[in-house]
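Chain nomenclature is as follows: A, B, C and D, assigned in order of appearance, with residue numbering initiated at 1 for each chain independently.
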Amino acid sequence: MELDDILASLFPAGHEVRVAHGRIAGHGVLRDGRRIHVVGLADGIALGVEDAASLAAQVLAIARQTDAAPILMPIDSSSQRMSRRDELLGLNEYLAHLAKSLLLAEQAGHRTIGLLYGGSAAGAFIATALATGTLVALPGAHPEVMDLPSMARVTKLSLDVLREKAKATPVFAPGLDNLARTGAVHATWDPAQPLTAQLEALLAEPAGDDARDLLGQQRQGRPKAAAIAARVVHEATRGG
Amino acid sequence: MKAWATQKATRAARIEAGSRYARGKAVAAADLPRFLDAVLRPGDRVCLEGDNQKQADLLATALADVDPAKIHDLHMVQSGVVLPAHLDIFEKGIARRLDYSYSGPQAARIARMLFSGQIELGAVHTYLELFARYFVDLTPNVALIAAVSADVAGNLYTGPNTEDTPTIVEATSFKGGLVIAQVKEIVDQVPRVDIPGDQVHFVVEAGKPFYVEPLFTRDPAAITETQILTAMLAIKGLYAPYGVRRLNHGIGFNTAAIELLLPTYGETLGLKGKVCTHWALNPHPTLIPAIEAGWVEQIHCFGSEVGMEDYIAARSDIFFTGLDGSLRSNRAFCQTAGLYACDMFIGSTLQIDLAGHSSTVTASRMAGFGGAPNMGSDPRGRRHSSEPWLKAGAEADPDTHPHLRRGRKLVVQIGETFGDQNVPLFVERLEALTLAEKLDLDLAPVMIYGDDVTHIVTEEGIANLLLCRDRDEREQAIRGIAGYTDIGRGRDRKMVERLRERGVIRRPEDLGIDPLDADRRLLAARSIKDLMLASGGLYRPPSRFRNW
Amino acid sequence: MSVISALRNETTSWYEASARQRIDALVDRGSLTEFVGPAARETSPHLAIFGLPTQLDDGIVVGEAALDGRAVLVAAQEGRFMGGAFGEVHGAKLVGLLRAARATRRDVLICFDTGGVRLQEANAGELAIAEIIRALVLARLAGVQVVGLIGGRAGCYGGGGLIAACCSTLIVTEQGRISVTGPEVIETNKGVEEFDSKDRAFVWRTMGGKHRYLIGGADRLVADSAAAFRAAAIGALSSPTVLDAGTLDAEQARLERRLARFGTAEDATEIWSALGIDPVDDLPALDESSFLARAGGKRESADGAR
Amino acid sequence: MERLTFTLAAAKQAGGLRQQAIIGVVASGNLEVMLERSAPSGTCTFEIETAAHGFGAVWEAVLNDFVARRAAGGLRITINDGGARPDTVALRLAQGVRLIEGDEA
């Protein structure tokens, strides 16, 4: 789905969302009049230091508001921007700051919902969509932690061999389905139905603790993570 | 009437032809192709200066760009086949025949070109042997050499990397040949005169320094515990009992470990001042801690080492330096020193067979020899006496009257039983033999002959081949320290035990060495940064070795 | 043998040490209790698909220990196993540790040594990093200190760099590199003109510990020794920082100021000069004390705005 | 990956008090060795996973020398190998025995 159609379907009552330089900003209104902040990335942008700082500033401004209005984060990006300048300036801090800002806003009562409608990869994915409290996706989204050609180069395996291996496990190959099976994606929305209803239904669910590892276990994409994390917590807390 | 000065006449003609593109002796870099066309003749014997360290890179590229229709069938006589251009010359048909010494970085390509007949091989030499032939039957008609700077008279300053230059110029210039030098810049006055201007006919200003490979830098961070164990064995089992004061080291990590153990482990053995005082050696950065701790009295160098310039200049009591303060190296003299004035060579290799022959050649790679076979051989002829030389001679030949007995130079191979990729050091048959058959060579490219080798050190112990009395003993002594290689597992256990009782084989425990003491914390420096700090900031490592 | 021991350089080099050696030298002697240790044999279920060997602890040690008498949780990545990269089990152990930190209000020390996500289990690793960041930030919001220690061979790359920047305090050596995209990856994607990964001096002055310390990307710069890390970690825990809205507002201002001050710099040396440090050319070669003396009062500091 | 197991007679009982020791890392040319005091006395068991195929005979030779030279009775030894050379294997095994001989930490 295109961003305009998505926004129209999400906010039939209207929205004030602008896209500039690949950054999405504004707000929309649900059918019951509830205000939804919208902050995100568009046009497959590579997330650099300026973008991250700009997004974080918006998120922090929302966090200061006491309206408890949710933040919707539509994402269509590539990876972080790969450049000498970005790394020289400490891109890791900018991306981490964005992730922290999202978590702070959530802590301050603003639910954060990622909406993956295009691509995303690597550090950009971690700092945005994966830092939200709930991540949903639309069909056609194409997240890619690591592209297969790069993997082929590093692992010295051919693309064909990698594609064959990808059939046996969702754990490394790109794509929405693979990622969903590891528990990263809470649900994939149905574009044929009004998105506004699907968002309202999601907001009606209580926001719980991070349960992505349990989801990955159920969906058999991450067989061990939930149990290992739980066992560490158990061993660390049994003393006192 | 017979003409007796044709060579000088030819040189005069070359100078006249070349002068069309020169202002005095100076040739512009842009004019090099036309200039080389003018001074070279088909069939010339050409020395394109290059060895395992410095390279006349600008002249190499220019020579590869001359027109093969005009200039062809050159006979290259040079130390190093190192740059891609050195082989492009053959691919393009500019050169046909090759006599050389070292081809480390081009080992695979030169092997392919030898197989396909693109190169007509004269011989693969040791450095000293090739230098010797410059004065007998391989005298260059034209030498293309490299220096740091020149003045208008052609006086050359080579800086610390003098290396082969004086030898090449001596042979060329005094036998009617033409000498062309590339320099970074032409100056009013050179800092010191390494080559007198009357021996140099043309100078090309390159605008940049000639290329130098930092071949002798070993990062202490890459030294393994097993290499430290072999180094401990060598120090306690060889350096100490023979009292080796004058020596040469190879460039491997085992010998780097020895250098870094001198101020620590060597100190505990009370060896300071008793071993390792005088060296024929390149300025190894790993020797800095031992120098700083007062172990070393003096070092003569084949060449320099990138980053060591300021350190050397600040330690002129140790190194040979010129009026300008910087190192004066000389490969021919240092090779001679290693051959005749040292009591020990110790170095690593790729393959050792049951007779002790060793080679760095594999079936698809032809790395050449460089200087190791000169260092790693017993010169046999008359020699002055020294304690290690006499002791080794007595071990090898106890029955001859001491005053008539030849001593022996210690020639030591050191390594781990398995090398990179689990490739065994010990083999039934050297791949050098396979290569010799493929190329129909008279001689297999053996680096060091078994009868020159006196000791082999591995993590399993030391085999003293001087004490072996026949071929069987020699084979079992080698098998006895070959560990878990096929060669090692094929040993005659009883015979190996008997050899051990006689001291032919000495295990770590026989020398009072616990392998678990072989710990990186024994190294006087554990990183390149440590070396830099040990030098008081005088050593400036090249970027590729830095992690700061 | 005793003579040999006496001559050893007993400084434990952090750069050289294994994960286990680092923890042993960091915390009070013998105080570590490991969670889900190697005897549990909880290895990666995914590496076999690629014919790769597993490690019994999947490349990370997590546990509880005492630091100068204070009960802490600790983690250390093994940079030599799979480049210290985050796989499913590896990541889950750190997730669990940080969740426990929040529950038990114990401070955490994380010894990073990682190239980022483990390719062979990329989705699991990526998600684990997201879970770690969430657990880490929630623990900090609950008042827990999380101290990151960086000085290993693998540096702290990819998602590791993001996790590090979420910590309360970062302690680095000059060898320690912190970055998102690694040098080889930038070079492969953008060309050698953009980033020459073979020019190590350039790599370190762009991503290394000294540069990060100078721009406020790290808080304490120490010599390459476990003892120095220990002292700095004790110091960090005794001067706690908070994470709240004010912290992030301050960080926002700090990061925007960095863009304004240094955004046009082509090279790290221009940034150092702009900081007023003079001279800058030999900064990389200086030992820690000379470096700190020259940088003193001139560097950008995070001052708790992290 | 190749999996190898060996059960060897080990006359000398492992000393010390530690229940478990681990040394080394799984990297190219390196290996990890975990020693647990859980084999019957007088024997030493080995479970090896190695990236280098076809070296069973070399492993056996290294392990036989190890149990002959070191006090390894009663030890269950688990090895994950990244293609280490035999000298490295022998060194790690010896280091492991020294470690488990230490006092209970």
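Everything below uses one rule, namely that contacts are C-beta pairs under 8 Å (C-beta built on N, C-alpha and C of every residue); 3 or more make two chains touch, one makes a residue touch a chain.
Predicted model, so just to flag it, every value in this text is computed and none were measured.
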Inset, instruction - Would you mind naming the chains that touch subunit A and likewise touch subunit D? - result: C
Inset, instruction - Just grab the chain with the largest centre-to-centre distance to subunit A, centres being mean Cα coordinates. - result: B
Legend entry - Chain pair with more C-beta contacts, C-D versus B-C: B-C
Legend entry - Rounded Å distance, subunit A centre to subunit B centre (Cα mean): 59
Inset, instruction - Go ahead and note the Å separation of the Cα centroids belonging to subunit B and subunit C. - result: 43
Legend entry - Whole-Å separation of chain centres (CA-atom averages), subunit C against subunit D: 32
Inset, instruction - Could you give the separation in Å between the centres of subunit B and subunit D, each centre being the mean of its C-alpha atoms? - result: 41
Legend entry - Chain pairs that touch, as defined at the top of this document: A-C, B-C, B-D, C-D
Inset, instruction - Going by the contact rule at the top, pick out the subunit D residues touching subunit C in the complex. - result: 1, 20, 22, 25-27, 30, 32, 34, 36, 49-51, 78, 80-82, 105
Legend entry - Contacting residues of subunit D [partner subunit B, same complex]: 52, 55, 57-58, 61-62, 83, 85-88, 91, 94-95, 98
Legend entry - Parts of subunit A lying in touch with subunit C, wherever the complex brings them together: 49-50, 53, 56-57, 60, 63-64, 79-80, 82-84, 86-97, 99-101, 103-104, 107-108, 122-123, 125-127, 130-131, 145-146, 150-151, 153-155, 157, 165, 168-173, 178-179, 182-184, 210, 212-213, 216, 221-226, 228-233, 235-237, 239-240
Inset, instruction - Please give the residue numbers of subunit C that touch subunit D in the complex, ascending. - result: 18-20, 30, 32, 38-39, 41, 48, 51-56, 78, 80-81
Inset, instruction - Would you pull the subunit C residues touching subunit B in the complex into a rising list? - result: 1, 3-4, 7-10, 13, 15-16, 174-175, 198-202, 204, 208, 210, 284-285, 287
